[in-house]
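Consider the two complexes below, in which chain A is the common component and chain B and chain C are the respective partners.
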Partner chain A sequence: MLAHYGPQLINLFAAILLLLAFAMLSQRRILSLINLYAAQGFVLCLTTTLVAALTGQHHLYGSALLTLVLKVIFLPWILHRLIRKLNVKWDVETLINIPATMLVGIVLVVLAFNLALPISQLSGTVTRSTLGIALASVLLSFLMMITRSKAIPQVIGFLAMENGLFFAATGAVYGMPMVVELGIGLDVLIAALILGMFLFQIRERFDSLDTRHLERLKEH
Partner chain B sequence: MTQLAGIAAQFTELMLAVLLAPLLTGWVNQCRAWLQNRSAPGLLQPYRNLNKLFRKEVVLAHNASPLFRIAPYLIFGSLALAAAIVPTLDIDLPLNAAADAIALVGLLALARLFVALAGMDVGTAFGSLGARREMMVGFLAEPALLMVLFTASLISGSTSLSSIVHTLAHKQFVIYPSMAFAGVAFTMVSLAENARIPVDNPATHLELTMIHEAMVLEYSGRHLAMIEWAASLKLFVYSCMGLALFLPFGVAESGDWPGIVLALPALLLKLAIGGAALALIEIMSAKMRIFRTPEFLGTAFLLAVLAMLVHVLLGG
Partner chain C sequence: MPEMLLLLLSPLAGALVLILCGHRNRAAEINVLFSAVTFLAAAALTARIVAHGPLRVLHEQFFVDPLNVFLVALTAFVGMTTALFSRPYMRIERDRGRVTPAGLRLYHSMFQLFSFTMLLVLTTNNLGIMWVAMEGATLTTVVLVALYRTPASLEAAWKYFILCGVGIAQALFGTILVYFAAERVLGPGIGSLLWTHLDAVKGSLEPTVMSIAFVFLLVGYGTKVGLVPLHSWLPDAHAEGPTPVSAVLSGLLLNVALYALIRCKVITDGSLIRSGGLPFAGSLLMGFGLLSVVVAVFFLSRQRDIKRMFAYSSIEHMGLMAFAFGMGGPVASFAGLLHMTMHSLTKSAIFFSVGHATQKTGTQVMENIRGLMRVNPTVGWGLLLGTVAILGMPPFGVFASEFLILTQAIAMHPWAAPILLGALGMAFAAIFGKVQPMVFGETTASRLPHSPALAPVFAHLAIVLLLGLYMPRYLALWYHQAALLVG
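Take a look at the complex of A and B:
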């Protein structure tokens, strides 16, 4: 039963992950963006658990738990607290309008699938077809970081990109060694904390969270 | 013999759609009232409205053309035909040999065309405003709907709705990731097409925000009854199409009469859940500006394209 439907379920979860990446790309409100990020983490956790159950790689249960605690509960909580403290309730501003961004996103998906095709043919895992989707969600998060002008969506884009990388690792080679995973998890956590501090600094300095202010090197 | 059975099944299905459509509208209204903490109108309220409207006298504008008078029947007719194509109880439908998913989209477009023409016919400002808005929503929603149907067609290898349902329900159960995208796209399209809340409000009385209601403002009496019935039928067609594509389980094989008897309660249950879900979506969302609609439907189209891409690239 599990052996038969497991790979199909993984494909389904991968598709949902891609769907969430597109939802984040088209989202205008910061609160929904954070909720989508949490949902993406949750789907990632489910996928990792499923891969662990399918392949008997027990260390994957550990990384699923890590994902659950870190990306579904803790980081969204930090982000929620951050926007409450920074008192940012505006709609997200985008540099390119959203339909155009989505079109670029589709091109990126095709590109990612094409890039991943030769790699996934080499790989012998049950999850190899999801590699393209993982790469696509990394690229879509990149796109989100590029097209948003405010700092918080950029931070969320960074975190979502890490989700995509994690998924790629699970899909291509059944996850990384536990030490590496713990290291990356801690890195992301610290990055979120530091970026939080950084946001306060930006606002203190420019009275706004628009990162375009950072393009000027000299003060006038 | 099988020919006769097919015609009987076809007729049953058509009558069922025509008779059950107002009930579905009533159920959605009731769920919405419950969720809004209002006391709900009775489940049979749409039937009472229709009954009242059929008894009322028709008031026609002086400059109304014959088109204005026959449009309600044409709209009702094309939507009833559309309802007959979608397999609800059993997949052996004689009409399905003649009309596939593309014809279904065409029938829906025909109904929309006549609603819009009738809206412009009398020449009031609101009528033509509603007609323009309806055509804007329509031309954006139609390609997205076609893409959703094409995704299902790619899976089953045929554009006939019967073979789509046959592939999805009766062959070995397979999870299709592409259908997740198609499902979201289809939900968005059907919200827009049925004048539901993020795009249009069916209960609105503010003319400036209306789309569907603005076009039919001039209708009264039995004409209005036909139009309202047709609107219910449209919701029914879209719900059944959604069920056929995404939850086709319980639809009987051809000539399987016990299966058909079982398919009816399954259909009612699925429609009840679908109606409640629709009410929930409407409660959770706010009506958006009319100029946001292209973005909303553009997203639906892109998701449907993505569904086809995922199908091709994931290979199933």
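Take a look at the complex of A and C:
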């Protein structure tokens, strides 16, 4: 049963991840953005568990647990606290030209699939078709970081990019060795904490979290 | 083995101790002490490698060969001299109210943690851990760059974080792809990420995957090396952070990132050449190296801020090294390694002098810094000699390494030689024209409350001079062995 539907379920989850990446790209509310990030983490956690069950790679359960604790519970919680303290909970960002961004996003997805094609053909994993989607969500998060001007969406873009990378690792190679995954998790955690600290200082100095104020240092 | 443990544990312990007492009056001395212990451990490790050859410890998780032990020694040495320099420098900053006691505690602790992450990148055998440590180095330096909490420093740190964060994420994807290629040969598990294992089977790694992986690794680690067009964080971070941080960023972090790139290049080109392809990784390094040299030189003449100018000079020199390693072959790699050493020592010496010069005049704008020779001849001479050395004038060692790189370029890629020569000439005109009036002429400088630490400046410059005049046989042999590993 699981062996039959498993691979299809993985593809379904991968598709949901891609959809979530697009949703984040076009989401204007900071609060919804955080919820989307948590949802992405949750789907990632489900996928990892499923892959673990299908392939018997037990260390992937650890990886799924790490994802659950860090990216579904802890980081969204920190982000929620952060926007409450910074009083930007109901902030709406004016995004220029959502359709154009979406079109660029589609081009990126095509590019990612083409780039991943030679690699996934070599892969023997049940999840090989997901590598393109993983790369696409990395690139979409990247695009999100570029197009946003507020600091918090940029941070969420950074964290979402890391979700895409974890997904790539699960899809292509059934996850990196546990030591490395723990190290990556630690880095992400520290990065999120440092960025949170930063946000307060930026707000204090610039009276705003709009990174368009951070464009003074330039070549003249 | 004990040296190895001490090398990594000393800065880690230093970070823990200094997070508790880094604001005390004696913190600067404690910082120097831990850095000195790290340097002693590095020296002992070096002696051991020279005597007994490469070393693998802790289930092969750590790996030391002539290539990285030379960088370990360099990193520990410059780390120690920077700690010595930062003792009076940070005291002056504290007296002037630019940094709070809490900031000072953060500074000392992060300085040690930064040394730890760099040494971990250099000694680890595991490409995954290398990535983790590199990201750790980014995070610690982001905190250091933002130390003054001024709008400009926050902006610089934010830019640095976002750019290097994005960049390093690409490197993680590259690492995943390397693991993917290795897993097919070596099987799953941690063994497939160990560089020594990868190096042993590099001929049978899938070349297509490896070349895609290298592109991602180049974008990732190349951002940290400061290769154009991924360099825009570098001048800001150098100009807005405290000067000791600029010195270690330029002198050490860029080297460490380039080291990671070299290790990846070795396995990528190994896999490509075995399957009859061209050395794709080497060509990419050469191209980006050359581009960095040319673009950086054009920006040099437009700078008004002294630290920004020397930051662009670092981009130029990193480009030159990337070009040398990209060419490959024993002589070019030898020259690249020599240039790494020379640039690291000279550039940190320059930043030490620049640090005190800006403290004396209270500005980083070059037009307002005048007549350093008058008030404090040692600062003036330090800056002048450092500049002459970095511009590649004989008899300093930078001349030797640049000369070797140029002759190799003429022999292997004659089209590149005029571009390099022209760029070096322009760099000379730009930098010397700006440093000369700062050193001579009427003075604007004042006395400092704590006497500046200039011993490190002259120690660095003396080594650069000595190596330019005469290289001991064992040292040449050592560089040669390391160059053979780079290929």
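Following the convention adopted for this analysis, the second predicted complex is superposed on the first by the 209 of 220 C-alpha atoms of A that agree within 3 Å, B and C clash if a C-alpha of one lies under 4 Å from a C-alpha of the other, contacts with A are read in each partner's own complex, and residues count from 1 in each chain.
Here is the rule we go by: a contact is a pair of C-beta atoms (placed from the backbone, for glycine too) under 8 Å apart; a residue touches a chain by one contact, two chains touch by 3 or more.
Only a predicted model underlies this, so the values are computations on that prediction, with no experimental measurement involved.
Asker: In the superposed model built on chain A, check whether chain B and chain C fit or clash.
Answerer: fit
Asker: Look at the residues of chain A and decide whether chain B or chain C touches more of them.
Answerer: C
Asker: Who does A:113 touch here: chain B (first), chain C (second), both, or neither?
Answerer: Touch partner of A:113: chain B, not chain C.
Asker: For A:98, select first, second, both or neither according to whether it touches chain B, chain C, the two together, or no partner.
Answerer: After superposing on A, A:98 lies in contact with chain B but is clear of chain C.
Asker: With the two complexes superposed on chain A, say which partner A:194 touches: chain B (first), chain C (second), both, or neither.
Answerer: The second partner, chain C, only.
Asker: Tell me the contact category for A:19 with respect to chain B and chain C: first, second, both or neither.
Answerer: first
Asker: Would you sort A:78 into first (chain B), second (chain C), both or neither based on which partner it touches?
Answerer: After superposition on chain A, A:78 lies in contact with neither partner.
Asker: Once both complexes sit on top of each other, what is the least C-alpha distance from chain B to chain C, rounded to whole angstrom?
Answerer: Minimum over all C-alpha pairs of chain B and chain C: 20 Å.
Asker: Mind listing the chain C positions that touch chain A in their complex?
Answerer: Interface residues on the chain C side: 126, 128-129, 131-132, 135-136, 139, 142-143, 146, 149-152, 154-159, 161-162, 165-166, 169, 172-173, 175-177, 179-180, 183-184, 188-190, 193, 206, 208-209, 212, 236, 239-240, 299, 302, 304.
Asker: Under the stated contact criterion, what part of chain B meets chain A in this complex?
Answerer: Checking each residue of chain B against chain A gives 174-175, 177-178, 180-181, 184, 294-295, 298-299, 302-303, 305-306, 309-310, 313-316.
Asker: Help me check something: in the complex, which residues belonging to chain A touch chain C?
Answerer: Residue positions touching the partner: 57, 115, 118-119, 122-123, 135, 138, 142, 145, 151, 154, 158, 161-162, 165, 168-169, 172-174, 176-177, 179-180, 183-184, 186-187, 190-191, 194-195, 198, 201-202, 205-206, 211, 214-217, 219-220.
Asker: Touching residues of chain A toward chain B in the complex: what are they?
Answerer: 5, 8-9, 11-12, 14-16, 18-19, 22, 26, 98-99, 102-103, 105-106, 109-110, 113, 129, 132-133
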